[in-house]
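Each structure below is given as structure tokens.
Shared between the two complexes below is chain A, which pairs with chain B and chain C, respectively.
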Partner chain A sequence: MITNMIGVIIRKELRAALVSPKFVASFGVCALLMLLSTFVGIREFQASREQYEAAQRLNEQEMREQTAWGRLGTRVFRAPDPLQIFASGLQNDIGRWSSVDAFNPVKLKNSVYSDDPVFAVFRFIDLAFIVQIVLTLMALVYTYDAVNGERESGTLQLTFANPVPRHVYILGKAVGAWLALIVPLFVPLLMSLGLLSVFDILLSAEHWLRIAIMMGASLALVSVFIMSGVLVSALTSRSSVSFLVCLVGWVVTALLIPRAGMMTAGYLVAVPTAAETDSRLDGFSKERWNVHMKELGERWRARNEQLTGKTEEERRAEREAKEWDWMEEDDRSRKQVQRDIDEYATRLREDVRNRKLEQERLGFTLARFSPVAAFQLALMNLAGTDMGMKARFEDALTEYRKTFNTYRDAKVKESGTFGGIRISFDSQRGMKIEQGREETLDLAEMPRFSDPRVPLRDAFSAALVDIGLLVGAALLACAAAVAAFLRYDVR
Partner chain B sequence: MNATQPAPMLEARGLVKRYEDGVLALDLVSFAVRAGEIYAMLGANGAGKTTTINIFLNFVEPTEGEALVDGIVTHKDPLAAKERLAYVSENVMLYPNFTAIQNLEFFARLAGKTEVTRDECRDVLRRVGLQDDAHAKRLKGFSKGMRQKCGIAIAILKDAPAILLDEPTSGLDPKAGFEFLNLLAILRSEGKAILMSTHDIFRAKEIADTVGIMSAGRLALQRPASELAGQDLEQLYLQHMAGHVERAA
Partner chain C sequence: MLTLIIEKEIRDLVSTARFAVTFGICSLLILLTFYVGARTYALQTEQYEAARKEQLRQLEGVTDWSSVRSARVFLPPQPLAALVTGISNDIGRNAEVRGRGEANPQDSRYAEDPIYAVFRFLDLDFLFQILLSLFAILFGYDAVCGEKERGTLRLTFAQAVPRSTYILGKLVGSFVALGIPLIVPLLIGCAILPMLGVPLSAEEWLRLAFIVASGLLFFGVFLNCSILVSALTHRSSNAFLAMLVVWIMAIIVVPRTAVVIAGRAVDVPTVDELASKKSRYSAQLFAEDRMAMGKFVPSNPTGPQVMQEFNKFMSKIADERQKKMDEFSSRLNEERVNMQRIQEDLAFGIARISPVASLSLGLADLANSGLDLKEEFQSSIQRYQRSYGEFMVKKTGMNPGGGMIMRITDDSDREKPKPIDPSELPVFVFQPETLSASLASALPDLGLLAALATVLFLAATMAFLRYDVR
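Presenting the complex of A and B:
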């Protein structure tokens, strides 16, 4: 009887949605937007993949044409990932390549946004953005008058002239609104996935799994807003009021809280700026060198004192005998100073990194009060475009640099050409492979860089907290709507 | 209570309603409507007719007293009470994007009539005088009278033993109003207990078994219609209205 009644209400909601022009129009807009975004995302992905491949080819060719192992360096490029189509995250903010050689530390350079600032201004609208901004808004526009609209139109009275339990009604309403929105919103979403195969974007099983979880997260986020809309409509008697409440609530959750969270964290956890750390390091090393120079001076004075009262002959003899030891001693202490400074620099760097992490963690915790932020964090984790992306790449690059340098040093030894400077004939480069002294390097055994990927299990467990938050929030809003409606005046 | 008479289907026992803003809308109202009876509630605007009906529907809770449907206290077991109630409001509002038949189907299902057919809906709509070509039209374009007819159809379709009508004929044209009276007579003959609020003194006298005149929340006068036969109801009504105006002044 009761399930029957829920069914009746749900069916009515679905039918009402299908015949309402508001629904048809917004569905059309959503579908268009999603397909367009995916299309643009795919084209950008394809373009960056071509760019990546070309850059890699060029790099390999240049390396092959180098003639001396000793100065061999390479460039590593970040391979584009198809998941960036859906959740670009920091993808475009992080440099796309780094040189790897014996001399310079790795550093990611040339992000999309630094190369093409116009993209930074008109940021790429990915599906994650559409879900966060457009679909959440749509969900509210859809549900803000779910209950009070029926009161205003008078149908609520007639409904409750029948033996309809209130919780049944509101649950039917919520589920009906949910189905009426979710199905049409997810059809274009699935269609966008279909575009991937149209454009021959090959995805691994793991990619699909990640996408499926991303869809689940989107579902959860939209559910939060649907339920919140129903809740607000069950708390207010006039739809004009609930519309305003929903709009303000949306601005606060979608726009304000995420930023306010990060800003608050910025105030609470101070992270020294690069200039600050530089000057501290400077101060430390100056101080350290001063001490060193003073000690050096004193050491020499002491050494000279030992020699006082001796003849010129004796002095020269003793100096000659000890010179080497003294120099070694000085060298040791100089090296010690250098080590201290390096250590201090490392400590500073670590401190900055830790504080940054702490700030980030606090900021995220605060931002998570907004389901929209929780969703974004979940999606970036799943797509691998999260906050850790840069560090992950830099760590992997540093690691790779070690392997690469070891490989090169081994090759240098093998070929016995260390220090040998060969003259290469530029005019012949790239024309044909020359035998003999200008023989190109055989790079077959060169270690390759592989992109650091967070394993699915880790990415998922990182995202799980946020998805859990979303599901919890949706259920909570639904329960609150039921509770609110129990006391609702249906007249 | 007369032992030979059946228990009332609708009963108000000392209903008092004071709204949150302090307005005393009902002041000790008691009456009973038995199966096969029509009770007409007359009264000026604001006399408390709608409030009475709303208490039966549990839309508002009485401050004191209780309303019973088939012996069930409405604010204690509203669902059971509503199973036995059909209701037509003074301004029937339905889903504007649904057709008349779709609206009927939905409300019939809510009423528990899950296997109602389209043909049944059409039959009832014909009974209340809604022309055939309007059956499959959206409610959007309906006039107030047409909506009122749909509301009455919904009440008939529910087939409940008690019917609450809050100025059901408002907006009906004279022909439809006349037909509606016939319909009420038929429903009464089917054994329904009907409580109707109305401003139409003449029709009330014509159709009702009992007439109650409400004035400022009190049931100022309650007579079997047969006793009123020789009397001028309009005169009585105006008399009590005058009392109302005096009290209010």
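Presenting the complex of A and C:
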């Protein structure tokens, strides 16, 4: 009996919704924007993939032209991921590449927006943005008069002239509104996913699974706003008031809380800037190199002192005999300096990262008071364009740098020359310039960098809290709407 | 009669709960935006000063200017850029200057602090775009058709009221009733800036006045548009839906799509392509110089001046190499900049179909946080690079830049050298765009907004002249 009654209410709600101009407008706009955002995302992904491949090619070519192992360095580029089509997150804000060599610590540079600020002016459009801004607004427009609108038109009183349980009615209303908005959206959604095949975007099974979870999170967010609209409608007796409340609520949750949360965290937890950190690292590095150079000078003085009192031939013979050992000793000392600098950089970075983590934790906790923020964070985690992206890449690059430098050092040793220029000056022999040996480098065995990927399980665990929050908020709003309607004056 | 209609409109709007709530929220957000802008500016200034101090600190104890390999320069925070962020958080904020070669800005705020990039900043541009436009729609969508639904329109026109006077009264009344109250929080916001430690020069006050005026102009555009739509429809629900669609198109679709279209239509050489070409050319030049270096013959091979002579020789070949490199780089950069300009012109040309784009571009120009900011910072860096290079030549006899690091190990016993005085280093001065230049850039956009507001006003009048009031 109750099931039948709910069915009738849902069917009535669906019929009323589907023939309304509100449905036509909201469905049309949502469909257009979903398709447009996917299309734009695909084109952007293709462009960034082309740019990535071209940059890789050029780097390979440059490396093939290098002639000394000692100077060998490379550039590592961040590969684009197709999931950025749906949630670009921080993809365009984080640097795209880092140089990897013996002397400089890794650092991601040249973000898309800093290279081409024209794209930063209005930003890109992605599905996550459409869901956050447009679908949530449409959900409220759709439901703000679900109850009080019926009351104003007098149909609510008529309905309750029959023995209709209130909870059945409100559940039917909520489910009807949900179905009327969500089900039609599957059409543009499926078409959007179809665009991926049309444009030959290859996706793995894991990608599809992630997309499915992302869509689930989108449904949860829209559900929160649908249920909130019904709740507000059941709490007010005039649709104009509920509309205003919904609009204010939307502005606060979709636009204000996320920004305010992050900014509050920014003010409360101070993090040193990159310039400050770099300057500190530069300072340490300079100091360390100065000590090294001083020690180097003392070493050479001691070496020369050992040769005093010997004939020119004896000195030359001894120098030649010991030259390799001396070079190795100097190289060890140089590597120790580099290690010290690297360790200091790691410590410095670790300290900054810990402070940033603290800032993020606070910022995200505050921002999560808004379901829109929770949704955004969930999608970024699932798409791998989250806050951890930069640290993830820089950690992987640091590891790669170690492997790369080990390979390079082995090759330098193998070739017997560093490849640099050595200029020596002696008050008796004058100046001597020695050019290192130049050769064609065989890079076939060079270690390659592989992009760090967050396993699905980890990404899902990270997103689970936010998805749980969304589902919880939707259920809570639904329960609150039922509770509010039980005491609603239907006259 | 016009005054009477205006007065009635103002009374009708101001006395509603809708006005109280919306105005309260708008005022709160406007004040919050100013507060947040002031705090952000204070934080950025603190970080800027800390970075500069750290830069000078690391030069303490250095005894030879030759060991100062580079200097780092920082983009000073601009007070108005904290209120209208534009692209100021997307471009690099510091650069390493070596005396020669290219010095590019790096470390954008969003790249270094992605936490702010997730949801972006709350600024006046965002507030005007989203909030003022919604505010205008909320009060304008039922201006005509709402009166018709309530039956008051029919009653009004039972009297001898000229239609043109009525719609003019509606438009002026709505603007005065909603626009004037908005000025109050905006003025309070401006007034609290100095109290929150944001020093503004007379020129910046003038810029701020233009920014506030632009916001009101934009509000006028959306208000007129809403009244036009209201005069074209007979049911307020339809008018609201139509305006919502317009709002979404104007704010989300048109500006973003325009940039994407331009991005695809104009092929700009990528930074990576340029970097690769430059790197290869540099390697080629360096290989040539290595050969030249091997042929260096000092005038007196064992004399004490040999290293100085060698330094001069190295400096000379580095200068020549850099000259070639600069010519090559500037040719490549010019090609890219030209293509970027074409791309920008196309993108913004299309985007300006939406008043939101005009507002955004105009505000960024006025706040000095638009696309020109990157070029200005870059030019200031290049100027500083020259003066830094000259300074180093004066101090050490050679320009240290150019990529070659020469470490001289001296094993002779000399007296302990004295530390250098870091304050002698030339001071980096960032020269932002002048007010007249900013106005010249912003005026076309503000003109567009004014023209659009006028056209919409005329269209609303025309539509109402043929409106069925029954």
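In the analysis below, the second predicted complex is superposed on the first by the 392 of 491 C-alpha atoms of A that agree within 3 Å, B and C clash if a C-alpha of one lies under 4 Å from a C-alpha of the other, contacts with A are read in each partner's own complex, and residues count from 1 in each chain.
Note that contacts are C-beta pairs under 8 Å (C-beta built on N, C-alpha and C of every residue); 3 or more make two chains touch, one makes a residue touch a chain.
For clarity, every value in this text was computed on a predicted model and none was experimentally measured.
Residue contacts after overlaying the shared chain place A:N4 against chain B, while chain C stays out of touching range.
When both complexes are overlaid on chain A, the residue A:V164 reaches chain B alone and has no touch with chain C. With both structures placed on the common chain, the touch criterion links A:T155 to chain B but leaves chain C unconnected. Contacts of A:V490 after superposition on the shared chain: chain B is touched, whereas chain C is not.
With both structures placed on the common chain, the touch criterion links A:L268 to neither chain B nor chain C. Look at A:Q51: by the touch rule set out above, it reaches chain C but stays clear of chain B. In the superposed model, A:V291 lies in contact with neither chain B nor chain C.
Partner contacting the larger number of chain A residues, of chain B and chain C: C. In the superposition on chain A, none of the residues of chain A is touched both by chain B in one structure and by chain C in the other. The residues of chain B lying in touch with chain A in their complex are 54, 57, 59-60, 79-80, 82-83, 85-87, 89, 91-98, 102, 106-107, 109-112, 114, 151, 154, 158, 164. Across the complex, chain A meets chain B through its residues 1, 4-5, 8-9, 12, 15-16, 19-20, 153-155, 157-165, 489-491. On chain A, the positions that touch chain C within their shared complex are 21-22, 25-26, 28-29, 32-33, 36, 40, 43-44, 47, 51, 54-55, 58-59, 61-62, 65-67, 77, 89-90, 93-95, 97, 108-111, 113-125, 129-130, 133-134, 137, 141, 240-241, 244, 247-248, 251-252, 255-256, 258-263, 265-267, 271-276, 278-280, 282-283, 286, 290, 293, 296-298, 300-301, 304, 356, 359-360, 363, 367, 373, 376-377, 380, 387, 389-390, 421, 423, 425, 427-431, 433, 435. By the touch criterion stated above, chain C contacts chain A in their complex at residues 17-18, 21-22, 25, 29, 32, 36, 39-40, 43, 47, 50-51, 54-55, 57-58, 62, 67, 69, 72, 74, 86-87, 90-94, 105-108, 110-122, 126, 130-131, 134, 138, 237-238, 241-242, 244-245, 248, 252-253, 255-260, 262-264, 268, 270-273, 276, 279-280, 283, 287, 290, 293-294, 296, 298, 301-302, 304, 306-307, 310, 340, 343-344, 347, 351, 357, 360-361, 364, 371, 374, 406-407, 409-411.
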